[in-house]
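Following this line, the structures themselves.
The following pair of complexes shares a single chain, chain A, combined with chain B in the former and chain C in the latter.
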Partner chain A sequence: MRLSRLGWLLASFAVAALLVWGWQLIADYKLVSPVFLPGPDRAWGALVKGFSTGDLGVKLLATVERMFWGWLIASLIGIALGAAIGTSPRLRAYLAPMLEFLRPLPASAMIPVAIAVLGLSNGMVLAVIAFGALWPVLLATIHGFSAVEPRLYEVGRALGLSRASVIWKIALPSASPDILAGMRLGLTVALILSVVCEMIAGRDGLGNWILLAARSFRAPDLYAGVILLGVLGYVTAVALAALEARLLVWRSRAR
Partner chain B sequence: MRAPDTTVKAAAPVIAFDKITLAFGAKTIISDLSLEIGRGEIVCVIGPSGCGKTTALRVAGGLIPPTKGTVRLLGEPMAGPRRDVAIVFQDYAKALLPWRTAAGNISLALEAAGVAQSERGDRIRDLLTKVGLAGHEDKYPTEMSGGMQQRIQIARCLAQDPAVLLMDEPFGALDAMTRQGLQDEMLAIVAETGATVFFVTHDLEEAVYLGDRVIGLLPHPGRIGIDQRIDLPRPRNQLETRETLEFLRLRRTLFDFIEKAEH
Partner chain C sequence: MKRAWWKGLVVPAALIVLAELAMRVQGSTSMSLAAPSDIVAAFFAILFDGSLLLATRDTLVSAGIGLAAGGFIGLALGILFGLVKPLDRLMEVTIEAIRPIPSVAILPIAMLVFGFGYRMEIAIVAFSCLWPVMIMTRSAMAGIEPRLLEVSRALRLSTWDRVHKIVLPAALPRIMVAFRLAASIALVVAVTVEIAANPLGLGYGILVAQQALQPAVMLAYLVWIGIVGYLLNAALSLMQQRLFGRAGRVEAAS
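What follows is the complex of A and B.
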């Protein structure tokens, strides 16, 4: 069990190393023009330089902050709204068709609307990110709350639990696996929208860094930005998975 | 030991169904059912599947209001679930919180009753010992066998300090050995606490073995078809009691009743 997991980890590192090595070969033999594809050595150099002498760190922080706040707002609204809708069959019947209509709209389609209403402000960017990240959280929360075992509500009634206790001690923990899965999806959406908004609205951040690098043919800088985005996505996903494992210990302990 | 205290029983029924009728829409499930259960009595309820046993138990627990008639608990009309009426559900796996350990599940009842956190630990340990699960407080329900899960549910009910235990086929899903063990544990607990028990089962032998009385329901709509006293001496014993002529005779009576009720 342990050993095979270690094996998989090693194997995936090997694959990654192989890909980087292939990338280096392609760059070294100039199979693709170095204007478009610098080798990993040059991308790495740009990354180090960006952090040490440039303001790549500041850009990274700006993107992280944007993503985090947008995602947090989306999560809070999504959980509160989802709990209300999920626990009320009436509300669900009323709102379900509308939610199904709004859900597939890509959040980036909202950007022009948001710009028209809120201008090219930080508020606009935050609104777009929160709006986009809201859907996965909201829908997962609704599902989680509507799928609570009815027997558990009866247990709550039989024990004389208050309404608040029923929500806090029965419904919320029962829905938590769904909520966390929705929040994980929401975080990915938040990252994507942060970058897109930075590109479209010219807000300072990794998205803007990548766009400017591309426009002025600074390919190593561009790749440094892309690598950083990948790392950011990976780190946040791992952090959330760790949080999930902690909160949902009871799931992994099943016989 | 359980003393068959007839004077107290006559004085105040703990549960009284007074002409209960229950309908779901146009379908009458229970019709004009009257029943009195005395203090400390163990009443087993049998009947063909779908005759309304579970429904009657849910009415007794205040989970569904009767369409007509009143249920009285210790003389008071039932307005809804009460903490001194505990319900043991058949499907223990669904009735436990999977995200709480054994101790956490029992704690839920104490939290609901407003027991201070400092007192909960000792109470939980006592209850776990009572149901034979000392040392298992940190296990999650999914890490336990069916019998252990049902014991947790029983412990949670005992945490309510109930005057009445409503049990809906609590051992129906367990294997024979576990079932017999739990039957005896339940009898011992009930003897100690003096709780009144309303015990639904489809196992006729279980009904005779546990009960002071067995009520047989007839279907369509549910009503009482037989009210059989069980005068087997206590404490009962899985081998000896089940081999007595009286036990076999009672089993036969109920068997014949079910035969007729199903046709």
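What follows is the complex of A and C.
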């Protein structure tokens, strides 16, 4: 069983390689104008050149930092607010309808407002990313806290725990699968918003880089940037999934 | 439930009154914010001169066509991968390599290929809607009662008959959930594309209002985008409940 899984994976890699080769052929025979579609060789060349002689590494780091800080702020605020709202039915009755209304609002629509208030600064970018990534974390935390087994709260009351220790010892661990799922969604949002903000506000980073590459018809650079963003999306998703598996070990063990 | 509905209005109402008072006391000469009453006035101004409805139409048309195109491709791929397991496994690496690319990263490529306009926006919306629909359709295929497939085999149905008589109806409630998710993504992506590059629609409207230093108009657009998103979401939930009743709700919750 294990061997056949490996076999399928290898076959799957072979298919992917075949498709890249097909892309190369299309580019070589110029079936699609090379202005739009450079071959994988040229995109790879641009990637290598960007890292060795250019400052692609710096730009990648700038994007990653922006995404990470925005996401971290959003996660902390989201969990704190979510814990407060999720454990108090009264707060929930007053605030939940407003949150439901704000939730479908595209976070990118806040960018012009943020520019008007904060100017074209790094603070503006961070505020937008944190605002966008806040929603998935906040709503997941509220849901996780309100879905805690009521008997656990009764146990907490019977043990005479304070509200803070009920949250810390009972509700937070019990809601952690929901919270982590929300944080994973928030990370995707944070990456998208980092790129959008870089494009609009012209902050240095991958988003700005690919936009400039497209404007000056440097297609290989553009594809190199897009590939790099794909890798970034993939790596962060895998890293968070690994963290989730580690933090939630007790959950699978209990089953 | 009946007794508590007004509680949800207390906080927003208080915030609006507070904002109004703060702006009035300061004397609203701000270049970045506006009093709620000015925002309402600006809203009716852009509503009656037609620019708001025109922008809404542009955004909804792009989002709708993109959703239809991406949803259709996603549905077809999802059914294909769901029914033909070897193909699913062979494409795994390719799909997993393309899927994590953030939708906005496609923007410069679409700009290069299509230039500005509806087509590039539709292409990006379609790209972002494709993945959730594909993945949820594929897992909906896996959730079909195996006996139904056995029946279809016993009846010697053709592949086409099997798909549209057995597979699609059985998986429809979950596919509907996927489309609802994709619809909200479509609106968000459309507005994002308009803000980032494309000179059409609501996103462009809000950006122009900001650059023209008209905070009331900008915030009116923002509120309107929120209302459109909320109504779209509510309409889709209602449709889902009407069509599938309990089945749709249970799937949405799980």
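Note that the second predicted complex is superposed on the first by the 238 of 255 C-alpha atoms of A that agree within 3 Å, B and C clash if a C-alpha of one lies under 4 Å from a C-alpha of the other, contacts with A are read in each partner's own complex, and residues count from 1 in each chain.
Here is the rule we go by: a contact is a pair of C-beta atoms (placed from the backbone, for glycine too) under 8 Å apart; a residue touches a chain by one contact, two chains touch by 3 or more.
Being a predicted model, the structure only gives us computed values, none of them experimental.
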Combined model on chain A where chain B meets chain C, clash or fit: fit
Which superposed partner A:V195 touches (first chain B, second chain C, both, neither): second
Touched partner set for A:A214, first chain B, second chain C, both or neither: second
Partner chain(s) touched by A:L9 [first = chain B, second = chain C, both, neither]: second
Which superposed partner A:V148 touches (first chain B, second chain C, both, neither): neither
Contact breadth on chain A, by residue count: chain C or chain B: C
After superposition on chain A, the shortest CA separation from chain B to chain C (Å): 17
Chain B and chain C contact sites that coincide on chain A, given as residue numbers: none
Parts of chain A lying in touch with chain B, wherever the complex brings them together: 149, 151-152, 154-161, 165, 169-170, 173-174, 176, 248, 250-251, 253-255
Touching residues (chain side chain C, partner chain A) in the complex: 4-5, 7-12, 31-33, 89-94, 96-98, 100-109, 111-113, 184, 187-188, 191-192, 195-197, 202-203, 206-207, 209-210, 215, 218-219, 221-222, 225-226, 229-230, 232-233
Residues of chain B defined as touching chain A within the complex: 61, 63, 80-83, 85-87, 89, 91, 94-95, 97-100, 108-109, 111-113, 140, 142-143, 156, 160
Complex interface listing, chain A residues touching chain C: 8-9, 11-13, 15-16, 19, 35-36, 93-98, 101-102, 104-113, 115-117, 188, 191-192, 195-196, 199-200, 207, 210-211, 213-215, 217, 219, 222-223, 225-226, 229-231, 233-234, 237
